[in-house]
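The following pair of complexes shares a single chain, chain A, combined with chain B in the former and chain C in the latter.
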Partner chain A sequence: MKDLIKQGSRLGLIFGVVIIFLILFGLTTTLSDILGEFVNIESRTRTGNPAGLMIFFAILSLWAGSKSTSADRSNFKSALISGVSVSLIIALIISALILLVGYLDSIDVSMRDYLAQLDHLSVSFLLYGRELAAGVLITFGIFFVFGILGALLSYWYETKKVGEAIQKQAFILKDKALDSKLAKRYIEHPRAKWIGYGLLGLVILLTPQFLGKYWNYAMGTVGIYVLMGLGLNIVVGLAGLLDLGYVAFFAIGAYTMGLLTTPAPIALQLGFWPVLILSIVFAAFAGILLGIPVLRMRGDYLAIVTLGFGEIIRVLIRSDMMAPYLGGPQGVRDIAGPSLFGLSISSEKSYLYLIIMGILLTILFTNYLQNSRVGRAWMAMREDETVAQAMGINTLYYKLMAFATGAAFAGLGGALFAARNQYTGPADHTLMVSINVLSLLIVGGMGSVPGVIIGAFVLKGLPEILRELELYRLLVFGGLLVYMMIIRPEGIWPAPRRMMELHADEGDGIPPEEGLVGEEG
Partner chain B sequence: MSILETRGVTKRFGGLSAVDNVTIQIPEGSIYAIIGPNGAGKTTLYNCITGFYPSDEGDMLFQGKSLVGLSPDRITKKGISRTYQNIRLFPAMTAIENILVGAHPRLKSNWLDAILHTPRQRAEEKEALKKAQELLDFVGLKGKGDLFARNLPYGAQRRLEMARALANDPKIILLDEPTAGMNPNESVVMMRFIENLRDELGITILLIEHDMKVVMGISEFIYVLDFGQLIAKGTPGEIQKNPQVIESYLGRGAAGSA
Partner chain C sequence: MSDPKPKKTAKRINSFKVTQVIISILFLAFLSWRLYTVISSGVYGPDTWVRFAISGLIIGSVYAVIAIGYTLVYGILFMINFAHGEIMMLGAFSGYFVFEALKSIPVASTGMSFLDSYQIISVVLAFIVGMFMSAMSGYFLERIAYRPLRGAPRLIPLISAIGASIFLQNAAQVMFGPKRRTYYNPMSLARSQGWRIPIGGEEVILTYTGALTFVLSLLLLIGLYTLVMRTRYGRSMRAVAEDKQTAALMGINVDQIISNTFLISGALGGAAGVMWGIHNGIIYHYVGFIPGLKAFTAAVLGGIGNIPGAMVGGLLLGIVESVGPAALGLDFQLKDVIAFSILVLILIFRPSGIVGEVLSEEKV
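Showing the complex of A and B:
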């Protein structure tokens, strides 16, 4: 009993502190707005939706309550005790905070000087637009009642075996579906795989038709990140070279496209397609140039040098010194679009198709590369560089090639990006791009094509969907990365290889070295 | 004619000469052994031959041509393979992939072939895979091709390492304690296996070994190293009778284990 209360209070404390942070960052406001919109309740205050806030608090306390019984879910009394202790602690902490904030606000203490999110309006929002006492009481009530409710729900879920029942039902349904004639005919059909691909292709082909201008643009951005992710995947995932300056090649692709197709600052005005090829070639060449000095570096040193390289390129394109050639801080404007078979490509939709084409080609190429002599050489290098060399692999050559290949894909992405935006400037090529691409690899799953696509959707697509959260994207990023590293170090959709690598020890618990002796012994 | 030859090879680490003026000659198609107490410089000599360490003095000849100054990959391409004392497979690659990496110098397709998936590349891959399967069978790992190297049992890892070393059709293979960690039965199997390599594939064998039964059982000629210096050479019979060897190696070894 004592232990239960102790445990419960500790959990309550953790949740309480996290919620305080959410409030102080002002994240509650935006989340409440989204929730409010979701349940269709009009906002009455200017800063946020009080009904949404109540729902948000209720969800949080339900969650906390359900977590509280994780120690022993099958015993009603212990579930209740831990539920009460958790919700009491959270309710006390949050009400105390709101009481304090509300009181300070009522005696006209300006908290904005210290906490930017706490102005008069947001304080009244935290009180649901009501009096101090009423607001605090409502908060307390919500956390207390829903916390206990959460604990009881999880007790019910556990004792009635709801989870198992659902799983069982799902299995039965799946078996039934697989047993049905239609499914059998489909699965056993020799061309089933190709029909599947065909359907997928059709979906990809039709989706842009149904998306609006804005969404086509947003998906285009996601697509460009998929391109870069696939490229970086070769460098980091396959060859094991940690490259933090990946944005440099993106910038080179974008600027090649910008400078060679526009009348100013360099009056060449070549066509889109030859320049697209040139962008890829230049980026690959830059990859080799970067590769030469860092060839003998490994791990951390390599990461730092490449980081510096990315910054050099950014500073260079920003600088006044290069402004006559590169456009300086203003960047390059009025980049003209391409035309294909007499059709001019200028709308967001047609660019999305172009990007999708690029992605499909890239997937094809990387797949071929991965399963070839070259891909194996890269993997061997990642596993053990010394032995790889002793296997007759020219490690210097293959390292340069990994850099060049990865850079080529980034160059393609950059060129498409610049052409689509009809503009490119230093602001497009910050360190954040490199970090984004690396993060999407980690979140999605290193070495896996579907993983890269999912990662790009999560990191570039989600912020577009949750536009209101834009401000907190970095916060969410960081949180997500830490969470992923702890819960799923292999990523959302990992390559089977990597999953086995990371979970190999969980198999039989015996390291292979101890399983001595061959079969003949 | 000797296929591999060292002439006065010396390797120093600071003031210590790990390998000191060592001259050996390995005739083609033979099984030769290098023995010596721990720290005698046997593996260092291997590392010099395979280009891991640059040697400080002397010359190393493979088929009459000098190996000095060549990088490890160039030396491997000439037809010298090796295995390692502490197994060094690519742990997160499958057994068959390990062998295919070993076949790297033998294969010709470049990155352009790979990207374009040319018929030439596909044919080569198919052939390479077939040969890798054969090698896998040859070392007794049939059906284990898709397992990760790190998940194989110890003995199987040793044999996989050997299959990998064989994949590039070497002319000579340098084995570093091939029977380390094996029981007497397994050692006998390994001995037969090594003899097979020479008899069936015609590969010259140089081995470092501590197990005297193995050394005396299969090698035709033995070099003895101590403190980096060559202290004796001869047939197994001569070495067993050599007083200097008995004193500095066998004697001390016996004392150490007693």
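Showing the complex of A and C:
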């Protein structure tokens, strides 16, 4: 009993603190707006939707309550006790916060100067547009009632074995579907794979026709990130070298495209296609130049050095010293677009096709490399460098090759990016680009091509759809990285080999040694 | 052992070392030529050089305090606590809020605010709160983002740390707003005031905030060094750094030690943040990132995992960064380039740092 209360209050404390931060971040307002829209209730205050907020709080407390019974779900009394203690603690914490905030607001203390999300409007929203006492009481009630309800629901769920029943049904259905003659005939047909690819290709080719200008642009950005993700995938995913300065190669590609095709500051004005090749070559060359000294380092040192290199490039391109050659903080303008067979490529749609073409080529190239001697050497190196060396693999050579190939892809991405925007400047080449690319790789699944594509859509495409959450994009992003590392380090769609490596310890019970990835022997 | 292979590798290493030496000599020659031309050209008088050196020492001492945070964690967990700069930022914000709160409390007897009436108490309070908040953030950071990953391949905690860094940065931006804030210092710590030292006919100002920062950093460094090297607690910390399993067998609570390491490194980061705020005056959500990177550079420069090394590295980096652009006749915008170039060069040519790494072979 005492243990139950203690455990319950601890959980309540954690939930309470998390919800306090949600309120301080202003996420409550945004999320309850979305929820309110979803359940289609008209909003009554200017800042948000009080009904949505109530639903949001109710869901949170249901969740907390259902979590509380994890210790002993089968006993009604213990479920009730832990549910009551959790919901009481949460309700107390949140209503105390709202009381404090509401009181400070009512005596005209401007909290907005220090906590940006707590202005007058959002405080009145937290009180559901009512009086202080009423608002606090409603909050307390919601958390208390729904917390206990959550605990009881999870007790009911457990005792009635609802979950098991549902799971069983699902399994039966799945087995039936897979066992049926029809499925056997179509799924296992040798040509089924190719038909599937063909359909996918058709969908990809047709979608840009139906998307508007804005969406074509957004998808183009996703595509460029897919390109860069594929490149970094070779460096990090296949060869196991953590590169945090990947943006440097992107910048080199973009600036090559920018400087060689524009009238100013270097009046060369070459055509698009030769410069595209040149940007790829320059980026690859820079990759080799950086790689020669750097690749002898230990894994995490390599990360920091590449990060430092990225920062050096960024500071250099925005410095006044290089401004006569690189355009300084203003960047390079009026980058010319390409033409293909006499057709000028200038609309978002045609760029999207160009980018898709680039992606297809890189995927073919990656697949070819991955299944060749080179790819096997990379993977061997990633898994154990010493053994790879003993097997006669020249690790430095293959590392350089991985670095150069990855850099070449980034150069291609940068060149396309600059040409599409007709502009490139220092603001396009911040550290966040490197981190974005790395994150999409991690979220999607390292070492796998479909993983990269999924990751790019999740990290670059989803924020376009959820525009309300724009402010919280990076916040969620950081949290997601930590969460993924803890829960699913192999990503959403991992490469099969990589999954085996990361879960090796679960199979044989031998704890893995420290520091095995990308390490210099 | 007369195989041809070992000989071949030995030869390769040698040739690499020879190229290293040649490149270093050429590089040094170029540096000294550049230095000679700039100094003999007389663009900067002696007072300017002293001014650069002073500001370099002050900023370097802050880097040293942050660098210790990296070094402590690296020494024990062999991971780069990428979010350490953000912990410093949180400390800076806490100190700012303390000053703002004290500023708004009037004291009847003096007719001024609490901040100006009781200046020493206010500053001490700001440091205590800043260190406490940062220590707590460090503690929870470890509990949430690093502890579940212990024993995972090295890349994974590093990515988690990057995620935590992005999260904290943006949490601060969303919570406190993106605008830049000015630290409102107590009266006698006004940023323009200080001792005036006459040098070569000109006056060089050594600000009180700078002196406070420097002295406090040295005290913190000495205190930490004593804690780690002279006390029983420090001995258990070093034991955990050397070998976790053996330390656990000797009755040391390893998890506790690691948690406390994050507490200590967080507290140092918080102190650095408050010093940064008091001395530099401007804080915002991104304020910890670049100093964090540079402090890491400093830690590597001195030899990561090595406490005196981090101090030396921090001071050296501060001086090089502030004297460097002038000495090489470069633009002052490029001081970050100098700092990061040093990082790259050190890691290439002497990865064990100036003072040397305290790492046993098997861990490397």
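Observations on the structure shown:
FYI, the second predicted complex is superposed on the first by the 492 of 521 C-alpha atoms of A that agree within 3 Å, B and C clash if a C-alpha of one lies under 4 Å from a C-alpha of the other, contacts with A are read in each partner's own complex, and residues count from 1 in each chain.
Assume a contact is a pair of C-beta atoms (placed from the backbone, for glycine too) under 8 Å apart; a residue touches a chain by one contact, two chains touch by 3 or more.
What you are looking at is a predicted structure, and each value in this text was computed from that prediction instead of being measured.
In the superposition on chain A, contact is made by A:Gly392 with chain B only, not with chain C. After overlaying the two complexes on the shared chain, residue contacts for A:Leu481 are found with chain C alone; chain B is out of touch.
In the superposition on chain A, the chain among chain B and chain C reaching more residues of chain A is C. In the overlay built on the shared chain, the residue A:Ala380 is in contact with chain B alone; chain C does not reach it.
Residue contacts after overlaying the shared chain place A:Met1 against neither chain B nor chain C.
Applying the stated contact rule after C-alpha superposition, one finds that A:Ile107 touches neither chain B nor chain C. When both complexes are overlaid on chain A, the residue A:Leu206 reaches neither chain B nor chain C. Residues common to the contacts of chain A with chain B and with chain C across the two structures: 501, 512, 515-519.
Within the complex formed with chain C, the chain A residues making contact are 21, 24-26, 114-117, 236, 240, 242, 244, 293-294, 296-301, 303-305, 307-309, 311-312, 315-316, 318-321, 435, 438-439, 442, 471-472, 474-475, 477-486, 489, 501-502, 505, 511-512, 514-519. Residue ranges of chain C in contact with chain A, taken from their complex: 78-80, 97, 100, 144-145, 148-149, 151-160, 162-171, 174-178, 293, 296-297, 300, 330-331, 333-334, 336-337, 340-341, 343-344, 347-348, 351, 363-364. Residues 365, 368-369, 371-377, 379-380, 383-384, 386-395, 401, 405, 497, 500-501, 504, 507, 512-513, 515-521 of chain A are the ones that touch chain B when the two sit in their complex. Across the complex, chain A is touched by residues 50, 52, 71-73, 76-77, 82, 84, 88, 90-93, 97, 100-102, 104-105, 107, 109-111, 113-117, 121, 125, 128, 140, 148, 150-159, 164, 168, 181-183, 185-186, 189 of chain B.
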